[in-house]
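In what follows, chain A forms one complex with chain B and a second complex with chain C.
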Partner chain A sequence: MTAAGPAHPIVEAGLERSLAELLLALADDDFVLGFADSEWTGIAPHLEEDVAMSSLAQDELAHAAAWYGLLAQLTGGDADRVAYDRPSTAVRHSRLVDHGRGDWARTMTRRWLYDTANAVRIEGLASSTCRPLADIAVKVRREEAYHLAHGQAWVERLAQAGGESRRRLDDALALVGPDAPSVLAPLESEAALQAAGILPTGSAELLERWTARVEPVLGRIGLGLPPAAPAALDPAMARSGHGPDFEALWAELTSVRRLDPEAAW
Partner chain B sequence: MTTATARPPARAALVRAARARLATVVDPEIPAISIVDLGLVDGVTVDDATLVVEILPTFIGCPAIELIRAAVIEQLEPLRADPDSGLERVEVLISFREPWTAARISERGRAALVASGFAPPGSGPQLVGLAPPATCPYCGSRRTVLENAFGPTRCRSIHYCTACRQPFEQFKDA
Partner chain C sequence: MLPRPPADDPTLGTAPAPSGVRLEPFEVFRQEREGEPMRHGGSVVAPDPTLALHYARELYARRGESLRLWVVRRGDIVEVDDQDLLNPPFDRSYKKPGGYVMRDKLADARARTGASKRAASTGRRRATGAPDAGQPG
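And now, the complex of A and B:
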């Protein structure tokens, strides 16, 4: 073995495109949500939440950077280029994350739905045959324990406060709830990823696990999980067809990069 | 044939020397604690003429990591520059091969955290919500409340001691 030898391949030949699809879905969800939530910095309902939301947003962006980094290793590119230098139509985040942050109730409802779905997804990936992916999944899951506790506390608080809080929570759940399963919707390469053990658990099983976790929490506060929107479970639509909220967000989040793509930070 | 590659006994001595030097590299945010006591240093190996140091970040994407990487390379430079070492390069690998957990913090590290006004995290893989109240680093009381699970950095939470009425931070167990 020589020091100049080739690095270990991340995945066996022929599976690069399939793994890239999975990594991009993971990365884009965290990236878009992290950026949307960072908009609360300075304007959250109170100081403690300002700190919390800024920290949550940083977590998502850090996790996105880890996924983009692995993707860049796989494709021989650069993580920043993968993340920023593409048209909005090439961003593969899920429909749940496509909504604008809206009011505080919508942000908290979306956060909790995303964090619970993402937890199920990354727990499944912890036993992936792709070791670098599994290693990151294990670490992300540990960090996100804090997200789960925060999101659930807020959903319960909004429900139990009654009045306007409850009304806003109801509206938020009716709007973003049907799109929540899009986080776990099958990828086009799901069969290939499952056959190789890269994706140890398929989307149908992940959706069942997620539903079993969120329904009891909602039930205790007199709410139910809205039925999934058909597009949220369709592999061709769960991560495409972005709306105007996202287009505005994407223009904003790439604006500095577009000023000078070669700048060093 | 001559070779610059270190022989096995020399390798073991190099690793020992490297570990001793790494124990002097401090955390950029809490300079009272070394990266070794914080449990960030995983493998230290010699691969041909390369000294490889594996670092486990406390949190993914921790912004202090690049400062730590630079400090590690600076501390190990004398070893690399020593012609007897046979080393040509020092490489720092940021690794997730094993997740960093608070259980990796040494006893000395925990004492250093307390002396700096931080409650050390619980030693098990306990996660938030189930965690017992933090111990106040000032008076040692357990009559403390979690003010915010999120703090000034991603790895710290904010607490308040109802016994001595001091706010304090805890190093999170990620």
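And now, the complex of A and C:
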């Protein structure tokens, strides 16, 4: 494929950079979360959960691969290069995903908050005017419904178990809850994407839908959604300013690739 | 026959987990292709049916190898393993089909219907799983 791009352009001329920003946000969220959650392989609370968590983490990497693949088609690049060969500061995952996996309660709380926010985001994209984007969104949505049920089952059980489980859940929600809206924070190119129908639903509407879905679940188990951190809703900060947990994760997940970036696998 | 350890067998995870939650075994049955019978795939331990379903999916279907799963709490299975019921001590050979030769009757039946030996036997096998697959041609 030459730099001229495919015969049927993925998006009309002039919108490539805007679409790339959206695709990178989607891909990097799934990629970073998938890697962070995969750290439970071998040490999850019991054997079945270990297998399940590892499989769920792999699913996120599959979703990331689909988004990176479309981005590579758009820019004439290579999905692996996009995923692995950037400096950590260029990774555009949200603040929610930037936290380290922490203990099991934090992993499951973050996972559930992410899955609920991502579900709202993906549902909105299913009617995107960018057909290849909509096609991936529809497929991801089918699998995410199941992920969400798994995370919610855990959050409810941790809450209802009381004692140490409940304390850890409370701590987790206090730590990662304020950053949860960062998944849905407006992108810099939101106005252009909305005007073209690529992003059918704006971030304000998505945030309302997400809150309406999450609050009743938390309410039933005696919890509330903490107020959003200002940075989580700021387009300039929601996906930048990564912390030390992420720097360590990124160093590890790119370590093999950096040994020999041109190696054939 | 399902292996059926005592309900409190600690090797199967029925002992309290560190948090005090009891895990219990669930048996998983899977169907590989439409029309095939459900076959026992194995078991999972889980604290409740909801998580058992998630674990069954991940252990027995994550590679796309199952069309359908049945997840059954082991304690809900009615088991019969009384040998007085299943293998009573008297001679049972009169209930077995030995000595009853079917070959000639089958050949006559095939001649009447025009079915080949191969088609007839394939149809018989399929008929156990799919009611409408027994009539070749």
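Everything below uses one rule, namely that the second predicted complex is superposed on the first by the 259 of 265 C-alpha atoms of A that agree within 3 Å, B and C clash if a C-alpha of one lies under 4 Å from a C-alpha of the other, contacts with A are read in each partner's own complex, and residues count from 1 in each chain.
Just so it is clear, a contact is a pair of C-beta atoms (placed from the backbone, for glycine too) under 8 Å apart; a residue touches a chain by one contact, two chains touch by 3 or more.
For clarity, every value in this text was computed on a predicted model and none was experimentally measured.
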Superposition on chain A - do chain B and chain C clash or fit: clash
Which superposed partner A:S55 touches (first chain B, second chain C, both, neither): both
Chain B versus chain C as contact partner of A:A231, first or second or both or neither: neither
Partner chain in contact with A:A192 - chain B first, chain C second, else both or neither: neither
Which superposed partner A:A126 touches (first chain B, second chain C, both, neither): neither
Chain B versus chain C as contact partner of A:I136, first or second or both or neither: first
Superposition-derived comparison: chain B or chain C, residues of chain A touched: B
Partner chain in contact with A:A20 - chain B first, chain C second, else both or neither: neither
Which superposed partner A:V217 touches (first chain B, second chain C, both, neither): neither
Which superposed partner A:Y146 touches (first chain B, second chain C, both, neither): both
Contact residues of chain A, present in both the chain B and the chain C interface: 48, 51-52, 55-56, 146, 149-150
Residue ranges of chain C touching chain A (in the complex, touch as defined): 13, 17-21, 23, 44-47, 50-51, 54-55, 57-59, 62
Parts of chain B lying in touch with chain A, wherever the complex brings them together: 47-50, 59-62, 89, 95-101, 125, 127-129, 147-152, 154, 158, 172, 174
Chain A residues touching chain B - in the complex, by the definition given at the top: 2-3, 48, 51-52, 54-56, 58-59, 61-63, 65-66, 132, 135-136, 138-140, 142-143, 145-146, 149-150
Chain C-touching residues of chain A, taken from the complex the two chains share: 45-49, 51-52, 55-56, 146, 149-150, 153, 157, 161, 163-165
